[in-house]
Structure formats: C-alpha cells, structure tokens
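Next, two complexes with subunit A in common: one pairs it with subunit B, the other with subunit C.
Presenting the complex of A and B:
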C-alpha cells in the first residue's frame, strides 16, 4: 500500500508536470502577441506593454515557465485579462454548481446503470435487452446541448416541474434547477455504464462461485444480489472513474445551455475572448481533478476487491 | 423487480451468454448501412452538384413550418433548414472522418512502438497517454481553440486528433503486447527481418482491427465534439452551415419556431445511430472484415 502510494505520487507529479506544460505551452503557441490579441486591436502600445510585464510575457521562456509553476503552486493563478479579477476566487465562486451537477449526474447514472444493466443481463438476448441496448445507442448519439434544449422545450412548455434556467442553492433549489442538467448528462454516460454492468453480471453469473452457490440451493435473487452484483460493480467503479473526463466536458456545455452560473459559461467566454489566464487555470484545475479521480478509482477498486494488492 | 428475476431467466442468462442474437446484428447492419448511405448520398449530392444556396436569404418566407417544400422548415432569414443541414454534413462528417483517421494512425503508431520497444519508451509514452485520456476533451478543445482563435477549421481538426489518439494508443499497445509473443512474430525475427518490416507486415495488420471497431464509436464522439464547439460559438462560425451552429441559431426562436433546432438535431442523432448500428454489426458478425476483432460474443 505504502509503496503503491509512493509510486503513484511520483507518477502523479510527472503527469502534473505534463499538464502544467500543456497549460504553459498554450500561451506560447498563440500566434503573434497574446497580450495584443487579448486586448484587441485598439489597445495602445503602452497598455500592451503593461500587460506583458504583468504576465511576464517579455521574459525568456524558461523564466516565464518558472513564474507560471511557482505561482500556480502557491495557488495564485493570476488575474483575468477581461475583468481584472483574480482567477482563483473567480473559479472558486463558480465551482459549487458545477461539482453538484457532476455528482448528481454520476449518482443518477449509477442508479440507472445498475437497474437497467442487471435487467438486460438477466434477460440477455430478449426484447428488453435489445431495447436497452438500442436505446443506449440513441442516447449516446444525441448532442448534449441539443438534448438539453429539447428538455427545456418539454419542461418550459409542457410540465413546469423543473426550472429551465439558473441555479438555486438548498436541497429544493438544487432539485429544481439541476435535475434537467443532470438528466442530460446521464443520457450520455449511463449507456456506457449499463453495458459494463450487463457484461460483468453475465460473466459473474457463469463463474464457478455462482454455480457453487446455485448447487448449494441458494435462490436466484440471493445469488444475484448478494454475490454477483457485488462483484459486478467493480468494473463499473473503474468506468465511472475514467468517465470523469466525459462528465466534466458535458457539464460545461450543459451549464451553458441552462444558464447556470458555473465554470461552463465562464470558460466559454474566456476562450472566445482569448482570456488566457482563465484557460490556463482551467487546464490545471481539470487536469488535477482527473488525476485525483483516477487515484481515487484505484483506491476504491482495491478496497472493494481484496484480491487487488496495491 | 421480482418478476424479472425468475429462476429460468437466470438459467437462460447463464446458458445464453451471447451478446445478442445474430439476427439482431443483421437487422442492425441493414438499417445502419441503408440510413448511412441515404445520409451520405444526400450530403455529397447537394455539395457536389451545388443544389440550392444554403446561405441565400428569402425574407418572404421566414419561419415557415416544416412542409413538403421545406422538410425542416425555414429559419429567421427564410433559409431552408434541411438544405443547410445537408450542407453542414459535408463539413461535420468530413472533418470528423479526417480527424478520426489521423488519430487512428498516430495512436496506432505510438501504441505499437511502445509495446514493441517496452522499457522506458513504453512507460513514458503510456504515462502521456494516461494523462491525455483522463483529461476532459472539451477543455483540451478550449485550449486549442484559444491558440488558433475561434472559427479556425484547423483548430477543430487538431482538437479532435488530440482527443482521439490516446485511446488508439492504449488499444493497440494492449494488442501488440499479445501479438509480439506469437510464434509467427518470433519466426519473422529468427528469419532476420528488421523491426520496421515485422511491425508493418506482421504486427499492424493484427492490431488494426480493434482500433477500427473502436473508431466507429469515436467518430460519433468526434461529431458531438465538433458540433459542441460550434454550438458554443468557438468552432465553425455562422453563416457557414454547421449542425451545432444551426442549432444555436435556432435556440433563440425555440418557443416560436421549434423546428430550427429540433429537426437538425434529429438528423445528427440518426447519423450517429446509423454509424453505431453499422459498427456494432460489423464487429459482431463473424467473417465480416471487422468480425474477428469484435470478440464481444
């Protein structure tokens, strides 16, 4: 365990270094003068120079990189070129709804995946199974922003059960405002999880221990829920962990459609106006998040499956 | 729930472990290829013979609801939404296909080399691959668009390739690790063939299939990514016809002219479903050119 953690820590540091390089190279790769591009063609030469100095753009590349990582390491992400506000607090203000949507969608997807995955495994090859799989193909092919729009259309005109724009805190507010965004994301994520649950339930049902349990006279329900399902969830945990990239990406778009004041709208505007300190921070933030998600996945996997020795 | 879990169901599930009946794969294959052929035919015909002008405004006919003359209705400038959807397909499908193919080539090369070399090369390449796979692809797209500026086609292409290659690298590495220990590879090495020839002639042909099976799913993701970036105003810019941009333009009028956003979206879904049907069917039917790789039986 200790050696595993140590090895992973070193690996994670390496990956963090790669992520920071990506975030840094981003600004270097902008053709022409990033300060000029961000300020627009009408900005004076002097204000461009001031900005260059502020972001150390006039220094050699290596010392720029040093400034970048040393500031980032002390959680100072610079300030937005547009609003002049520090990026760190700006992101922190908006991170709550984004994280809530991600958690809500992950919860709904897992729930749906276990239900439909077990159902289609138990009825493998039957119409129900086919319907679940074909339905999944349709769900995966839907552009998330389009599905979100369709939900807005349905719920704003039809059933005004959920809010179609904005964000409210508190349990009631979250359920009212974040249910549709979470549903949109679930449609994209659940089919992958359903497939995984289905195939591992099938695999486990055919395993020796299931046959042994059956020959001991245990009922099918008991075998399924007490033995098979528990083992089948392992692979689902792994898939959920590696889906964090998908979750984050979809959340950003969906937030934008539902006008939720999260990271989504902020980042879209930042990219459109080439506000590079914000984009850099996003790369760092989500790179680190993905890294942590992978680490947690491995730990949870080991905790669930005693055969895995870390 | 209890009715679901009859004993015979469980027994049946254990006995019949096939993913789906062969007949379903055939039906899906037929539906998939017909739908896909129809879509591709429409998209290429309109483009090659320049049928109609997707950008010509017709202010006498704004917000016409769907009819025989305008199957998807018209938009705020009176432009035919169906025609725009077909023209958009050329860009969306074209760029996605090109990017998917590039990603397959890059990923395959990296994966095969990593697995064949092993050692430090392998670890470094795979750490980078892991980092890239875990990275949210939309943020990656954002980063690349920040570099190229919104609206550059080349930025979209790079974003798709950057997102795509790591999966192929991982798949082909896994396959190569198996293939490189096969007798025929050992035999080729014993015969004194060089590594390049062994990789190209003996390893790659056996590794490429699972990559191609995966590329069907990847193509759909690429379509979604390119439409998403354009929907957000960071990809292809209006007035150029593009699926995401058309849907974004229609969003303003969603409550008065629902068809502008709704129908092109359904078109995109049908394209994606036809690709998935075809991919599934090809992967599952033994004897088809992707058959052996499916292995999902």
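Presenting the complex of A and C:
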C-alpha cells in the first residue's frame, strides 16, 4: 500500500508537470494580450508595457513557465492580472462550493443509481424497468443550461423552496442554494450509473456464485444486497471516478446559471480575460482533482474487491 | 409597464434617424406623448411621490467588480461600483452631458484654456471620518495621469497639478484641453485617501476601499455579491436615500431576467436586445433603454486591395440593410448610426446615415472595377449569438453586390480584437465599441492619426482630417468645436473607414417601485438619488 501510494505520488507529479506545460503553451496561443485586454483598447503602449513587466508577460513562454512552476512549488500562485488578488487564497475560496456541488451530485447520483438500478434489474423487462430507462434517456438528453433554468422556474420561482442564485454556507444554506445545481448535474450523471448498475446486477444475478448461494438456500434479498450488489458496484465506481471531467465541465455551466462563486465561473472569466495566473493555477487544480479522483477510485475498488491488491 | 418601449418605438417610427430613445413621463405612453430622448437626456420615467429614505436595492449585474483601485481597472464591473463609492472633482450625472460640480464646488479656466483652478468643496469627509484634503486630491490625480493608468492618454497635455492653497488645485496644460473636465469625471480620476491607500496597497484597497462617495463597501464576496451601505458622512444633503445596495453577480441573462421579473431583484442590468420587449411586458417591471456612448459597427481593414478604395467601402455601407439589422438583431432598441464613432456631445444630428440602396452600391462597385465582386472574410466572436445573426444577414445582403462574405468565428470578442490590432483581417465585428467620455475628443484622434497605441484599425491617415481633429480637440471656442466636429463627422460618413450600423443603448430591467433609477451615457447608474416607494 505504501509503495503504491509513493509510486502514485511520483507519477502524479510528472503528469501534473506535463499537463501544466501543455496548458501553459495552449493558453498563450489564444489570441489576445492579457495586459492590453486588461487596460483597454486605447491605453498607451507604455501603460501596457508597465503591466507586462509587472507580470513577466514580456518574457519568453518557457521562462514564464519556469517562473510559474518554481513559485507554485512553494504554493505561491501569483496574483490575478485583473483584480490583483493572490490566486492561491482565491482558488481555495472558490473551490469549496464547486466541491460541494460535485459531492452533492455524486451522492444523489449514487443513491439513485443503486435504488433505481437494482429495481430496474430485478424488474427487468417490466413496465418499471422501461420507465426508468426512458426517464433516464430523457434526463440525459436535456442540456444542462436549459434544465437548470427549468428547475429554477419550477422550484425557485414557482414553489420558492430553493434560492435561484447565489451561495450560502452552512447545512441549511447549502441545501437551499446547492440542491438545484446538484440536481441538474445528477440528471446528466445518474442515468449512466443506473444503466451500469442494472446491467451488472443482471449479470451477477445469473452468475455461478449467485446460483450457488441460491442453492444453499439463501434468501433473494440477502443474495441481492450482500453479494450481487457489492460485485455490481465495481463497474459503477469506475464510471463515477472517470466522470470527474464531466462533473467539472458541467459544474462550469451550472455555476454560471445559478451564479455560484465556484471555480467554474472563475475559469470562464479568467479565460475570457486571459488572466493567465488564474488560468494556469486552475489547470493545476483541475489536474490535481482528476488525479485525486482516480486515486480514490482505485482505493474504493480495492476495498470493494479483495482480489485487488495495492 | 410597457410605456417605455412603446414610447421608444413610437419615437423611432416617427423620427426615423433621431438619436436616442423615447421618453414619456406620463402614464399612458401613446405616440403623441413620446418625445425622443437624446444622448444625455434622462430616459427614466418621472418618479412618483417624494423621495423616501431607507430600504435595500438589489441589483443583478452581468459582470462583477475586479477591484476598487481606480487605477488599472477598465471593466464595467469595477467602474460601476467605483462610481458609487468615490467622488471626483467633477461628476457626470444622468441628465446632462456637462460635467457637474463634485468635490470641486467650482472652477475657473484661464482665457488661453491652459490653466484650470479648482476650488475644493469645504468640509467633505471620507467614510472613515478623515477630511478630504488637497494632498488626497493631488495624490489621486497624479496617479490618474501616471503612465500606469490606462486612461492617462486622455490627459497627456497636463504639465503639472499643484495645490495653490488648502482648498485650491491648479492644473496646468501644454495645450488647451477642452475635454479635461470630462477626463476628470472618469472613475479613474476618483479621489482616494492617500494615507489609507498607501497603507493598504492596491490589492487590499481593491477589496476594502475608503472613499467619500454616497456608499461604503460593507462586504465584498468575490464571485457572488457586493454589499454597499449608505455613507453617513456623505456631503450631498439627505442623500443617498437607500440604506443598502446589494450588487449580485448573476452572469446568465435568463437568470437575471427571472430574478427581476419575479421580484427577487429590483434591477437587472444588460437585458439582451432580443428580450427587452418580453421583460417590458411583464407586470411590475419596465425596461429602461438609454442611449449610451457606444456604436455597433463593422470594422474594415482599409489597407487591403479592395477596401482601400473608398468606393468599395461606400458600396458595402450602401448594401448594408441597417433597418433590417435594427429590427431583427437589435429588436428596434437602437437607432441607425450617423457617425463612424460612438456619439458624444458634439454629434450633429443633421448628418444623414447611409441609406440602404443596393443599386447605388452596385454602381459604386462597378466604378471601382469590382463588378464581378470579390471575396471577403468577416471575423466574429464565436461566443456571441448576436454577431452570428448580424453576420448572416450581411452575408446575404453583400452577396447582392457580388461580395462573397466568408464568416470566420474566432474564440471570443477579445480574440477578434487581437486580430484587428494585428491588422490580420478584412472585416471584423466584436461587439459594441464604447467611448469612455461623452465627447468626440477621445475617439477621433485614434481613428485618424493616433495609431501608435495598437488601436490602428487600418484607416490611412488623412492630412485634412488629422488637422481638423487636432484643431477641434484643442479649440477653446465651443461654437468652433461644434463646427469642426461636424465637419469631421460629415467627412467620416463619406470616407466610411467602418460600416456604421447603430448607436448602442443600455437596457436595464427595473421594478416599478424603484424610483429615479437613471443610467448615465457611460452606462452606469448613479444610485444616490434612487429611492424605493411603497416598500
């Protein structure tokens, strides 16, 4: 386990370095000089140069990259070209609502996946199963920005249970402000998981070990929940773990519509204004999140499946 | 409350090419009552009842403030908030184009126009209780004219700013600068307390500013909302009427509209042109459509083989169905542009806009030797649905005169702008182009000779225009300035360095109980005179 984690850490660092370099070069390739954009079309060339020097924007890309990466190592991510606020604390501030939405959505999706997936497998071919399948396709077909607005209309304006915009901390605040965003993401994610649970449960119900358990006289519930479900969740965990990219990208849209101060909205604005220090730090953050998600997936996998040794 | 829009449409229908939008103070808003508001005239409905103190105004804004440091910020998110928190020597208020007294209660201009003496208003305090001193003013204005400030290009004529006594500031100029007062009304010329700024530094002051304006920052949660409360030390008597202002950052158009129509917000900024009528039709809300110093136009690279010929540029303008664009892209909320730059105080309404005349356009193409037409690439931001509509209409209209328009989408408006400054384009559209001050002094020099700032759009310099503009921006005679700017405008509409489409408007959704909500020509509201009626 310890060697596994150590190896993983080294690999992750290398991957992060490569991601950050590629992202750095890509971001710089988007047309638009950040200093010129920050100061507006009519600012004098001298004003632009002053800002460029302050942020090392006048240096070659690789030297800028070195500057960024060497400072990042000591957790100094620079400061925003636009707001001049230090990027590190800013990201810490913004990552909380985003992580809460993702966790909330993952929780709701898992709950739905286990409930409806098992139901649909046990009742395979019956009307309940068809309803779940059709409902799932319907939910997944709805674009998140549209779905978000419909949820706002239905819940927040029609039945004012939830807030339409903004973010509040605390359990009550989170439930009030993040439920609709989490539901929006769940609609895109849960159907995938439900299908996966359903098919694995069906497969496992017909497996030899299930037949053996049945012949030993175990009740159907015990077989289903103690044996079959645990085995069926393996593939679901894989899907959930690899959905992190989907989760983050949907969160960007959802944060925009619900005006949540997360990293989604921040990244949209930072890219639009070419606020390089923020964009580059965000890439590092997203990369770290993806690697962490993979690590957690592996750990959960090992816990679910004793055959997997780390 | 439909009266605003009805009035606007009626005014447009009645007057055709008149700058501005309808304004009717009455209650019925019929065509007879409508009078077109001009740039700088109020477009807010008459307030009902007397001002009442108290209450919280909730505003949904499309962009959030980046920083309260007046120097270095150019985004509307920051500027709109800075205006509420700081004072300037002179102020641009909603119902006039003339700068009004602010921290300077009066001023004198020397006969040669090269010395301005400002008399500071006595007894004004910052929100922390410190008096506003000459030192604070000097400090703030020196920063304003330092090269690090992006707006300093407007005041390069200043040679010195000095204090003459404890309440007098003297600004000396190399050459007369009739636009000086306008420059001093910019948010960048806001007066900040020297000691506080020096102690906190830009980043910290940017989040926790101290000013002498109507409101004080109570809390600023970036990415979410800015809470302002009334400044108890504010110098304008009884103002502000509001106890609190909450500026929420709601980037999504539909979310802002839902908020203001459902009463969750009192004000929603940036209602898309396409949704003005729909929001205006909802009970309890109206849309205030205010002419601003902005223009929608198609950039042309005047150095390409085809576009360097004035006849070709004219042909493109004649082949542009401005009225159709106004109806289907801007939904009637703008008026045709009769100038090639954003309108200002010196706009001459008698200069005609370019009519839609395909035959004339074909003739011009023939004269220029392009009767078979040519291919042209139009850059537009891929993020902007309005731009796509605009481009598609242009594509089909310009095809009638043989111009084969290829629409090329690039990342966003900023990417389009970057290509323009590189000169790597034929034609481009990147959204509304706004002037920072409501006088023509700012934009004409860039268009006709001041190319060094990367804003060169490719118009070959014209000695005659350069001379006219230089005279106009240094003349101390108002009548002469009007005459000169009018000539420049007329020549511009003949030369057509760009294809002018329409003068832009600010569209703000306001709930009926909000009284006296007025938008300035620079698009920001002045909130100190706003009050809430009936709770």
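Note that the second predicted complex is superposed on the first by the 289 of 310 C-alpha atoms of A that agree within 3 Å, B and C clash if a C-alpha of one lies under 4 Å from a C-alpha of the other, contacts with A are read in each partner's own complex, and residues count from 1 in each chain.
Simple rule for what comes next: a contact is a pair of C-beta atoms (placed from the backbone, for glycine too) under 8 Å apart; a residue touches a chain by one contact, two chains touch by 3 or more.
Everything numeric in this text was worked out from a predicted model, so none of it was measured.
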item	value
Combined model on subunit A: subunit C and subunit B, fit or clash	clash
First (subunit B), second (subunit C), both or neither touched by A:291	first
Greater residue coverage of subunit A in the superposed arrangement, subunit B or subunit C	B
Contacts of A:249 with subunit B and subunit C, given as first, second, both or neither	first
First, second, both or neither for A:171, with subunit B first and subunit C second	neither
First (subunit B), second (subunit C), both or neither touched by A:272	both
Partner chain in contact with A:122 - subunit B first, subunit C second, else both or neither	first
Contacts of A:19 with subunit B and subunit C, given as first, second, both or neither	first
Which superposed partner A:75 touches (first subunit B, second subunit C, both, neither)	neither
Touching partner for A:159 - first (subunit B), second (subunit C), both, neither	neither
Partner chain(s) touched by A:149 [first = subunit B, second = subunit C, both, neither]	both
Clash-bearing segment of subunit C relative to subunit B, given 189-197, 369-377 or 405-413	405-413
Set intersection of subunit A contacts, subunit C complex versus subunit B complex	30-31, 37, 145, 149, 152-153, 157, 256, 268, 272, 274
Touching residues on subunit C, where the partner in the complex is subunit A	60, 66-67, 69, 72-75, 147-153, 202-203, 206-207, 221-225, 248-252, 254-255, 258-259, 262, 264, 410-412, 414-415, 417-419, 421, 436, 442, 446, 452-455
Subunit B-facing residues of subunit A, complex	11, 14-15, 18-19, 22-23, 26, 29-31, 37, 119, 121-125, 129-130, 133-134, 137-138, 140-146, 149-150, 152-153, 156-157, 199, 202, 205-206, 210, 219-221, 223-224, 242, 244-246, 248-250, 252-253, 256, 267-268, 271-272, 274, 276, 279, 282-283, 286-287, 290-291, 293-294
Residue ranges of subunit B in contact with subunit A within the complex	2, 4-7, 9-10, 12-14, 16-21, 24, 28, 127-128, 130-131, 133-139, 142-143, 145-147, 149-150, 217, 220, 224, 227-228, 231-234, 243-244, 247-248, 251, 254-255, 258, 261-262, 265, 268-273, 275-277, 280, 296
Contacting residues of subunit A [partner subunit C, same complex]	30-33, 36-48, 50-51, 79-80, 82-86, 90, 93-94, 145, 149, 152-153, 157, 164-167, 256-262, 265-266, 268, 272-274
